[in-house]
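Next come two complexes, and both contain chain A; in the first it sits with chain B, in the second with chain C.
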Partner chain A sequence: MPRPTCGARGGELSERALGIVLLAPMVLVLLLVIAYPLADSLWLSLHRVNLAHPEQGQPFVGLGNYLHAFRQPAFWASLSRTLYFTLLSVALEVALGLLFAVLLNERFRGNLGARLALIFPWALLTVSNGVLWAWILNPTYGVANALLMRLGVLQAPKAWLSDTFWTMHVVILADVWKMVPTMTLLLLAGLQPIAPELYEAAAVDGATRWQKFSRITLPLLRPVILVAVVLQSMGAFRVFDIIYVLTGNGGPADSTKVLAFYAYDQAFQYLFFGYGAAVSWLITACMLLLIVIYMHWLRAGER
Partner chain B sequence: MQPLSRRTFLRLVGAASGASLASGLLGSCNSGPTASSAQAVHVLWSDVTHVRAPLLDDFTRATGIKVNQTIVQYNQRLPKIQTAVQGGSDVDVVQMDIVWTARFAAAGWVQDVTSRITDAIKQDVPAAVLSAVTYHGKLYGMPLFNSAKHLFYNARLLKEVGFDHPPATLDEFIAQAKATTRPGQWGSLWSWKQSEALLCDWLSIMFTQPGAQLLDSHGKAVFHTMGGTEALQTMVDLLYHHHVADPASLESTEDDVRKMLQTGTYALTYNWEGVLPEANDPQKSQAAPHIRVALLPGGSGVTSASVNGAEGWAILTQSKRQEAAWKLLEYMASPAWQKKAALTAGDYPILASLYHDPELQQHMQDFAIYGEQFKYLVARPQLPDYAQKSDLIQRHLHMALLRQVSPREAMHAAASEVNRATATP
Partner chain C sequence: MRQARGNLLSPATRWLLLLGYLGYTLLPIVWLCLSTIQTQASLLTLPVRLVPAEVTLHNYVDIFTPAAFGEASGQATFVLALRNSLVVSVGTTAVAMLLGTLAAYAFARCNIPRQRTLLLIVLGSQLLPAVSLVIPLFRMLRSAGLLDTLLALILAYSTFSLPCVVWIMTGYFQSVPRELEEAARMDGASRFGAFLHVALPLAAPGLAATAIFTLLNAWDEFFFALIFTSTYASKTVPVALAEFIGRHSVHWGMLVTGGFIASLPPLLLSLVFYRYVVAGLSAGGLKE
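Now for the complex of A and B:
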């Protein structure tokens, strides 16, 4: 049967032109929603824009906003909290993700069920996750206190989110709980193509389980781990929503006020839009730096 | 397995960031107003329970002007208003907290309506009420409701330990809280999460001292030497010296306090009006019907001190429907709206005449107290950069409440930071 044609050959777009036409709307949308705001925020970051005082105008201040950030103890404190959050949460996510991926890569009854169960936290909206943990940790009717008191770990209910140490770690726990599935799935995808023959050969040579893991699995998984680490770090570095839902204000006593929260406060609470934009660019710079470091490691591994 | 090439790596990262961007964009889509026409005004406010929706219907029936609403939680309202103003959305009227009036007015976001507010309106809306929307002597909106914090207490728990009246002073408060604190039960619970609520309670305690002062006549912070330190010490003592405040206070908002009072295990709480109907509803509250309302405790020579939490409606300068918007404000200030809002939503009316209304007096259990509490209101300063200064104070208050610093250190640091904060980036 002859295939239907789209009309005269002369009237058809060349493949290249068609590609451009099909991509054009997306490029336009991306320009509108990414390129324009990016350029605008760069402009903002170089000007003093204080919306509460429009009479001051919007004078050009060069790198003034950036230098102002470096002079603020609150900026450095937020940066160190962000780094702590990023390092600890990503490290835990990698460790747990690796453990679950290796387990799920084995054949056992209920494997499919376990994989499905793993997806649940990931499918949850971050905000719902935050609300969920807020309920779990509620000092009066939360399940965490009830459980720990029944087990005899706690004598009296604990106000978890009133304690600077616990609040930061509870936020990390909530983030890890939600993000481990992503990590597990990425690592599982990396594990599956590893040829079983490698393990069989190693077994013939008398390798132990640990040797197989450290000499075969880990090196072959390294590139996937790096991708996963980059993605998770980028997410963790700009963390905002889970902290907003759990603490409302980056409290107690600013102990969870990470960089994104600091930028939000400056721009949206205090209306220092120029300064807020500068802090956002500093966040971007930090993330780029992280990516460059990871890329460097990756290339070192390829050689 | 082949090691990942750089190209594949970049592609993966790109695809993942593209996907997260797309989901972010989708996630941020919001249900906006349904329709807009010349005869429709768009209100951005916080009627989250939709209990005031019939009032807007009444307005539409009376004037033929439709009302579109965007409803957001209190904590999201300020960023939402800022986005509406900066993004040039078609919002006409916004609900303005008393502490935002200065900021909105100074930034030129809201319309000066001084000339529109007639003597007839002024006769029934007391000047103290209008102060919620006043900045530098000009009026920038219409008060929506009055508001103040009261003492809500569990009369049964007090009676069990021999008290037949609520505390009139802070000393009595501490004594009653001590007597009612026992395993599984706390004498008091507070909204001392690091937020505006914390500042409100600090002020309510601070102004029980005669001569307490926040700022001097030049706008300089003097609270550290004018009662602020003593107030903070009282708060710290309630937690760690008297052990009569539930440590959960440090992570609780007013709404948490309202709900936890209903468990029947707390004796004394500070909160905004509107607590009673639910707290004394046996279907919803284990504390029903024992919750009562009283004036906030005072001190030596001071009967009581509470914070003015009034809110208003303001017309955005950018609104293209100024006349219709004003009609809405006018209607909202009428007895028709104000009485119905009191009956259905528990709002305290802005009209002095309604405080003598027998129907309201009968229906609203805290009504009589409010008339009295209104005499002892503390106004928070009307400053364009209030939010930043309040945040600074909140952080230092919280640090002292967590015992990271002493109340004295916290207050001195807060005052010096507030005085330096005028040097904006």
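Now for the complex of A and C:
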């Protein structure tokens, strides 16, 4: 318990001491659950550690694990799947999120009620979302095939989750469906401060609705869109849960094995802890690179 | 007529878009809900019926009984998983709120040396992919003999909940004027008393938003739980559901009902506290 200081204002030093006392528990916990594990992970990534064969010891291999990853076609394939997943899902989220944010920023009766609808995809458990889409897309009893066949789009039922092309895309669909509300809320928060006078002035000048959107809304929203894109990309780049629930193993034929899944497989299926740790550092490096690219893009836009 | 805010859409476009929006957000959930109130036989009837022929609440009873969803030492696994999820989420939230709030107050008020750097490190840790923490954490928990315990999950969940609380609450405390605490101390309140009786109540909306946000994230977490649990001593609801898909991919009645029930607490909580959830989302924005 911090000691109360005397006088109306504590001196500079006691204020600092209080700060350290208040900070200490958090720092200790984070040292235990983040800092120490990260150091261990770095150590692991430089050693050959195979939990299945403890008798082989844990020899130092330098950057061997990293170099090994670069030589694995499976690593590069996972990286390109991860990028594909990230780009496509974030692009779809921005498109739908923008559409919905503009809609919810309009004044109409029942607007608040309409906003509440965002909660449903957002609050559904990630795993429940997987269950929901696995059921909707069930080849025999799923409503997706039933509707598409009734509409004449499909002639025969499709096994969405057994097809190397479609599995990735329905996984993206399921993920996007749940993530669009987050994107919508972020963009809506960016739309709300835009002064109505700007639109009024544009209307006086005879601007069309599309011109108002493309000349006022979009440029003013640009920074918010970029921040939202960065945030959502970070999430998408690390995707694992929905793929695990919908495919079980990143299949069929590894077609949905993204980087996080690849690292998980290496560490927890094959028990290559050293190699798995190295891959997880490569994932972190890729994400930092992605952020740098976005930042560059953001700054280029400001010029 | 005066131009309303935004007003980027013509009335016809707006109604069309609203219809599409409501269909997008609600139809999948409606379908999930409809599927929970049918018998297994009616779910597996062809052609697929859009409106159920008969309605039953059997699934909602069966899932809580040992046989239907699976059992562990004579108890229904779904019940055990719900209990585990509850303990872990509440435990995680309590730990993160307690330690995180104190730290956030220190960041906002006390002159911590290099506080900006420290705060950025705490936030920066959230960029790490879960898989880079899960491998060393697994080794650590294994040597501590903590694998397959609820404590292991609470510790692991601190990796995202604690930084999240610190980040959001620091912002809240910074928005509470310092002068109010100084005034309280003029009136004889102790330094800690000013924090407890002035700053904390003023930051109450922030505390509520952050607590709900933390609770929802912990309830939803899957990856750590998948790896650190192996029996129903610690398996949480998401793990139980994922396992059920793997084992009985045909028992859709139980599966959709379990998925729906597991989502009810977050759904109800977020609908009731919509404002707080939105505040947490825009302040944190860290959710995976």
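Keep this in mind: the second predicted complex is superposed on the first by the 283 of 303 C-alpha atoms of A that agree within 3 Å, B and C clash if a C-alpha of one lies under 4 Å from a C-alpha of the other, contacts with A are read in each partner's own complex, and residues count from 1 in each chain.
Everything below uses one rule, namely that a contact is a pair of C-beta atoms (placed from the backbone, for glycine too) under 8 Å apart; a residue touches a chain by one contact, two chains touch by 3 or more.
Keep in mind it's a predicted model, so treat the numbers as computed, not measured.
Student: Would you mind checking whether chain B and chain C clash or fit side by side on chain A after the superposition?
Tutor: clash
Student: Please indicate which partner A:V131 is in contact with in the superposed arrangement: first for chain B, second for chain C, both, or neither.
Tutor: Touch partner of A:V131: chain C, not chain B.
Student: If you stack the two complexes on chain A, which partner ends up touching A:V33: first (chain B), second (chain C), both, or neither?
Tutor: Both: A:V33 reaches chain B and chain C.
Student: So which one touches more of the residues on chain A, chain B or chain C?
Tutor: Of chain B and chain C, C contacts more residues of chain A.
Student: Which partner does A:P54 contact after superposing on A: first (chain B), second (chain C), both, neither?
Tutor: The first partner, chain B, only.
Student: Just to be sure I read the superposition right, which of the two partners does A:R107 touch: chain B = first, chain C = second, or both, or neither?
Tutor: The answer is second: A:R107 touches chain C but not chain B.
Student: Which partner does A:P121 reach: the first (chain B), the second (chain C), both, or neither?
Tutor: The answer is second: A:P121 touches chain C but not chain B.
Student: Is A:L298 in contact with chain B, with chain C, with both, or with neither (first, second, both, neither)?
Tutor: It touches chain B, and chain C stays clear.
Student: Which partner chains sit in contact with A:T140 here, chain B, chain C, both or neither? Use first/second/both/neither.
Tutor: Both partners, chain B and chain C.
Student: Do chain B and chain C touch any of the same residues on chain A, and if so, which?
Tutor: 33-34, 125, 140-141, 227, 231, 234-235, 248, 268, 291
Student: Which part of chain A faces chain B closely enough to touch in the complex?
Tutor: Touch list, chain A to chain B: 33-34, 48, 50-54, 64-65, 68, 125, 139-141, 157, 159-164, 190, 193-195, 220, 222-224, 226-227, 230-231, 234-235, 247-254, 265-266, 268-272, 274-275, 291, 295, 298-299, 301-302.
Student: Contact residues on chain C for chain A in the complex?
Tutor: Result: residues 3-10, 14, 17-18, 21-22, 24-26, 28-29, 31-32, 35, 43-44, 46-48, 50, 95, 98-100, 102-103, 105-107, 109-113, 122, 125, 127-140, 155-156, 158-159, 162-163, 166, 182, 185-186, 190-193, 216, 219-220, 222-223, 226-227, 237-238, 241-242, 245-246, 252, 255-256, 258-260, 262-263, 266-267, 269-271, 274, 277-278, 281-282, 285-288 of chain C touch chain A.
Student: Touching chain C in the complex: which residues of chain A?
Tutor: On the chain A side, the touching residues are 1-2, 4-5, 8-10, 12, 14-16, 18-20, 22-23, 25-27, 29-30, 32-34, 36-38, 40-41, 44, 96, 99-100, 102-103, 105-108, 114-128, 130-136, 138, 140-143, 145-146, 177, 180-182, 185-186, 189, 191, 196, 199-200, 203, 209, 212-213, 217, 227, 231, 234-235, 237-238, 240-241, 244-245, 248, 260, 263-264, 267-268, 273, 276-277, 279-281, 283-284, 287-288, 291.
Student: Quick one: in the complex, what on chain B touches chain A?
Tutor: Of all residues in chain B, those touching chain A are 1, 3-6, 9, 12-13, 16-17, 20-21, 25, 27, 75, 78-79, 82, 86, 103, 106-108, 193-195, 246-251, 253, 260, 263, 265, 384-385, 387-388, 391, 394-395, 398-399, 402, 404, 424-425.
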